[in-house]
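Okay, so chain A shows up in both of these, paired with chain B first and chain C after.
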Partner chain A sequence: MKNWWKATGLAAAGAMMLAGCSGTDGGSGSGGEDGETTLTAWAWNVNVGALEDAMALYQEENPDVKIEVEDIGRLDVYDKLSTGLAAGGVGLPDIVLVEDDRIGGYAQAFPDGFLNLSEKGFEDNADQFPSFKQDLATVNDSFYAMPFDAGPGGMFYRRSIFEEASVNPEDIETWDDFLEAGKKIKEATGVAAMPLDKFNDDPTFRMMLNQLGTYYFDENGNIDLTSPEAVMAMEKQMAFEEADLIKEVDGWNGTVSATIDGSVATIPFGAWYYGTIIDQAKDTSGDWGVFLLPAFEEGGNRASNLGGSSWMIPSGGDNEDAAYDFLEFFSTSPEAQVIAMEDYGLFPSLNAAYEEEVFTSEDEFFGGQKIWELFADEMADVETPYYTEDYALGLDEAIKAQADSFNGTDPAEALKAAAERLAERTDREINN
Partner chain B sequence: MKKNKTMKKIMLYVALVIGTLVSLFPFYWAAIGATNTSGSMFTQPPTLLPGSMLMENIRNLNESIGIGRVMFNSLFTATVYTVLALFICTMAAYAFAKFNFKGRNTIFTIFLLSMMVPYHATIIPLFKMMAALNWLNTYQAIILPNLAYPFAIFLMRQNLLAFPTSLIEAARIDGAGEWKIFFRIVLPSMKPALAATAIFLFLYQWNSFLWPLVALSTTDMYTFPVALSTLFGLSRIDYGQVMAGVTIATIPIIIFFLLLQRQFISGMLGSAVK
Partner chain C sequence: MKQKALIPYMFVGPAVILFSIFMAYPIIYSLILSFQSGQGSNLEFTGFDNFQRLMSDAIFITALKNTFILLIVQVPIMIFLALIIASLLNSALLKFKGLFRVSFFLPAVTSLVAYSIIFSIMLMNDGVINQVISAVGLDRIPWLSDPFWAKASLVIAMTWRWVGYNMVIFLAGLQNIPEELYEAASMDGASRIKQFFHITIPSLKPVILFTTILSTIGTLQLFDEPFVLTNGGPSDATLTIGMYLYQTGFRFYDFGYASTIAYVIVILIAVMTFIQFKVTGDQE
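Moving on, here comes the complex of A and B:
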């Protein structure tokens, strides 16, 4: 008799405990007493600190605004955001960080889900940002995001490897120059020119496309994988493969591994890779340098971008105006942007920020090179990559085209097949 | 002949040792990673010996996620879930196994079929329900939705089927009430099955990621897996912290398993023999 009473008692106690402990209120922040406003935000990793520090700066003029930033994994932010939007806009924060390649997708899939910033007058700030960042934050001629960080492209290289092969990085102007340099380096040191996860990711191809002013899609949303530029980019990458200059790596960790153990001479990536190098390869201080991506022809465009993100404001929250006001301050304050850059390695896309001292300083880890100046000078020339809401499908097919090329298919053929599959999956037109 | 048998045994043990090493290596790798710097995860040859960074990694991890709080959240939700779910699932299983009522098999089949619905398909409706109840970011939001866990019901039912119905009938004739039969006669003989089911339920809730991620929105409510996922940024990941976190997160499972180990193994054997 006693035992089952005990058991039901336990269950009842458990149920009471449940009822008793409810957590703090989630969802969008609340206007508290005394006119105080607490904004809520979702962001990942280093962006959390950058946002908090910006708020501290903002509070000097606006002492009654606070922010609570929830640190959420990068891809997890999208799971939560999509769920909340699909459920009709419940449980969303006042501010959310979104990567540039997703902005279009979200704004198209949930047209009423985000605040139209143009209606609040964000247009007036537009020319403070590089043109490609403006384009990425715009959907159907309205701003839906405030530009934040960017990933201007560069070739991160190991000085000692270049010196051993007596190759001067300053002499490398075109991809063909780099191919010759790569061969020389391979012969002298046995080290490959660059790493690539051949069958799973295509960052180098994407940067090349961006350099050539094209992408998976063009500005009209048509599929552009069969363009002469795209074919040229893929063929160039294959030229490195044929000379045995690409080291196959396994995903992100493989790339970091190759970076640390010196089995590649360069790593073509966005400026944000700086943070990874100084964090993970501490013993190699002074041995690093950066040069811009080589051009496809002499005097050609060397500017490119890989990655970057912007702030969006989910609509319908109580604090839309407060969130707009704070984000406008953050996005256009050189001081706040420089803090994000110096303390968190987030490369700003605010033109005025490039005038600050850090952009002309020498970096010790990079052998005293003025790397930030190099990246900043590149920003104005970056072409807009047109991601569209079908970016994920485009990426999938482009990677397949790259894999087919590495498996021996002619790059032009592989890209054509990929474009056709992509047209099938997205109902989009193929150019040409 | 004898020699042949010894050979066979040696081969068997060699295979078992290799299997053990392969299964244990990820744990060892995580523990080693927890004691080294982040960069050492990537060196060639791999670092296989303990380093001296354990305390620093734990300190950094604590700064990043607040180990105590998330550990409490995870332990609390997993324990309450396990107790409640075990209670509910066992009662349901008992009904399915020992009571004859109309539509019993149909209902049971529907239950089993529901295991095939991918969890992701139910997340948005569930999220809406929780929002309507104003339960987002609460403990009950992550404990209640899966209390009737079909696999646990299935597992308990299969075990309960083997319980002699005549015993139950004899008890009824002797005048015992249904509750008394359930708690005093049936359950005591089900300890191995209960232990096995409890381990499954605990593991299920402990490892549960997507729903807690979506339902919880403040750092102080995060469970351990959700908190760990915040360590993954775009390009800056401190693997020392990650590995320290992963190692700490496995400790409660190991303790829970060791506590119920004896019952668990006999439970597995019990159902294997049938």
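Moving on, here comes the complex of A and C:
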């Protein structure tokens, strides 16, 4: 008899364990009985605070809505999102932040995974955003994401280093000008022109492609890595390597430490890097400036964009409508966007926000330069990068082409080999 | 009486239920997945297409080559080192045995990701190791950015991590070799080195087989070290099949193809283990 009880006890314990495991209806928030709604969201880094502050603003009109934002690492958000979507939408939040280069991939890989915003009427807001941002949030002519921040490109530079080498950043108009300036700076101060994680990431190459109106893929989804523009961009980057002007850094942390210790004269990045500079390099206030990416030829396009993200709503949640309503407010409210920019350095893509006062103000940390005006003016000229749903594969192959170039392969050949591998992996055509 | 007949099932019940949910179900589901293709949730049955695609997939073949190079170079070095250290630490002449044994075993306790990060910092272009090398007056070595040195870095890191683990297994095996064998050999004038090759190694044969199989399985599934240390680069020079599986599933969302890779790894491990059993010719 005694044994029998023990056995039942064990079985009960086992059953309880199982129950514990299966109780994962995930982060999906619940509509409370008293009409209160709690939205759940996944985001990373400074975006979390921006979202929370926007909710505080939203609550003035909608006191019944709350938000719980989980601060998850950028790549972990994607891993969790992919796993949840692959499992048929289990355990997903009401709102998720997705970078622009991934929107198309997600929306096409999981066509039923996200709320079609056009069906909710988001079309009416479309012309409030720059055209490239609209293109990025649209898949098969429907909006699947609400545009949030953008990354208009710029060269963040150290005034003191430029002055020591007596280089005037205003005289730098083309990449060749910048190459000469870089040599002069190296000679006078020993400092490299720019940082790069040569074998693992290609942000500078991507900005150059965007500047030249091309990308890994073209508008029709064909592979564009062998275009004369792509070859020119990679060769330009290699010219800096041959002059020993690129400092090799280890990922994001390496770039940030090079930024702080002044071992590079410029950092070519998106406007969002402002937030990191003022946060991590506090002692260098006043020593910074920005100029646009140099053009490839005199008078050529200097506008570019790197990164930026948008909000998506996983479909099937209980709070779809509440999430849509809040995000629509956030995306189209100049006030909320300016808070995100001033407090978190997230550059808005809402055209109306650029009318706000802060966009004509001088930035003390950047030596009184009107940097926001510079970035805002740049936005209208940014070309659309065509990421496609195979962007992750394109990035993988482009980084290999860059690594091969740095290990001695001719850039044109490295890009050709990468394009061929990419064609094999994606069944896409290679241009010309 | 009836109750009594039920009792055994109650004991095995929880284990069977847990096993079927967390092991059997994924194993069967991924087998089904391996015959499907498409991105994300757009999966459709394509029969053996995935397996065919794998045979002509240049990146998979590169990953396979890398994995086998690591296997052929790293496993013998590691097993041999572990054997030597084990027999040295087993020597009756040695003082502070405990201290040495613990020191050699300690790396095996560290987390895979943590030690890989430390190695990646030390092996950086201007990291500690290159600073020492250039202080001695030699050229810096592009540890993580050159295709050859990136593989060498992996071999060094993995050997550091796993030698102690295998050493402990060998130490246990050494305790079973009768002392008389060594005494007799010494009487006959066999040197220490001869004793090592003619007594220690043959006596440890089953243990060596065991560690080799474990290491082979470990290398075929290798993921953490290349993921952290080199990210598979430069240009796929250190991409392993384990990493390619992860990339295919979670970076490129092709879960069907990723499952196919997983099954091919399983088949490879089975074949390799079978060959090792045959080659070492276990009599039983």
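The rule is simple: the second predicted complex is superposed on the first by the 406 of 432 C-alpha atoms of A that agree within 3 Å, B and C clash if a C-alpha of one lies under 4 Å from a C-alpha of the other, contacts with A are read in each partner's own complex, and residues count from 1 in each chain.
Please note the rule applied: contacts are C-beta pairs under 8 Å (C-beta built on N, C-alpha and C of every residue); 3 or more make two chains touch, one makes a residue touch a chain.
Computed from a predicted structure; not experimentally measured.
Novice: For A:Glu68, decide between first (touching chain B), second (touching chain C), both and neither.
Specialist: The first partner, chain B, only.
Novice: In the overlaid three-chain picture, which partner chain does A:Asn407 touch, first (chain B) or second (chain C), both, or neither?
Specialist: A:Asn407 sits against chain C, while chain B stays out of touch.
Novice: Thinking of the overlay built on chain A, is A:Ala380 touched by chain B (first), by chain C (second), by both, or by neither?
Specialist: Once the two structures are laid over each other on A, A:Ala380 reaches no partner at all.
Novice: Applying the document's definition of touch, where does A:Gly345 land relative to chain B and chain C: first, second, both, or neither?
Specialist: The first partner, chain B, only.
Novice: A:Gly88 contacts which: chain B (first), chain C (second), both, neither?
Specialist: Both partners, chain B and chain C.
Novice: According to the stated criteria, A:Gly105 is in contact with first (chain B), second (chain C), both, or neither; which is it?
Specialist: second
Novice: Classify the contacts of A:Ala56 with the two partner chains as first (chain B alone), second (chain C alone), both, or neither.
Specialist: Neither partner.
Novice: Given the touch rule stated above, what does A:Thr276 touch, chain B (first), chain C (second), both, or neither?
Specialist: first
Novice: Counting residues of chain A touched by each partner, does chain B or chain C come out ahead?
Specialist: Answer, by number of touched residues of chain A: B.
Novice: For chain A, what residues appear in both contact lists, the one with chain B and the one with chain C?
Specialist: Residues common to the chain A contacts of chain C and of chain B are 3-4, 7, 10-11, 14-15, 17-18, 21, 79, 83, 86, 88, listed in rising order.
Novice: Can you list the residues on chain A that touch chain C in the complex?
Specialist: The contact residues of chain A facing chain C are 3-4, 7-8, 10-11, 13-15, 17-18, 21, 78-79, 82-83, 85-86, 88, 105-106, 108-113, 198-200, 248, 250, 389-390, 392-393, 396, 399-400, 403-404, 406-407, 421, 424-425.
Novice: Write out the stretch or stretches of chain A touching chain B in their complex.
Specialist: Residue positions touching the partner: 1, 3-4, 7, 10-11, 14-15, 17-19, 21-27, 40, 44-47, 68, 70-76, 79-80, 83-84, 86-88, 90-91, 93, 253, 256-257, 259-261, 263, 272-273, 275-276, 279-283, 307, 345.
Novice: Looking at the complex, which residues from chain C come into contact with chain A?
Specialist: So the residues of chain C in touch with chain A come to 3, 7, 10-11, 13-14, 17-18, 21, 39-42, 57-59, 120-121, 124-125, 144-147, 231, 233-236, 247, 250-253, 255.
Novice: Mind listing the chain B positions that touch chain A in their complex?
Specialist: 37-39, 41-44, 64, 80, 83-84, 87, 123-124, 127-128, 131, 135-140, 143-144, 179-180, 182-184, 210, 213-214, 216-221, 226, 229-236, 238
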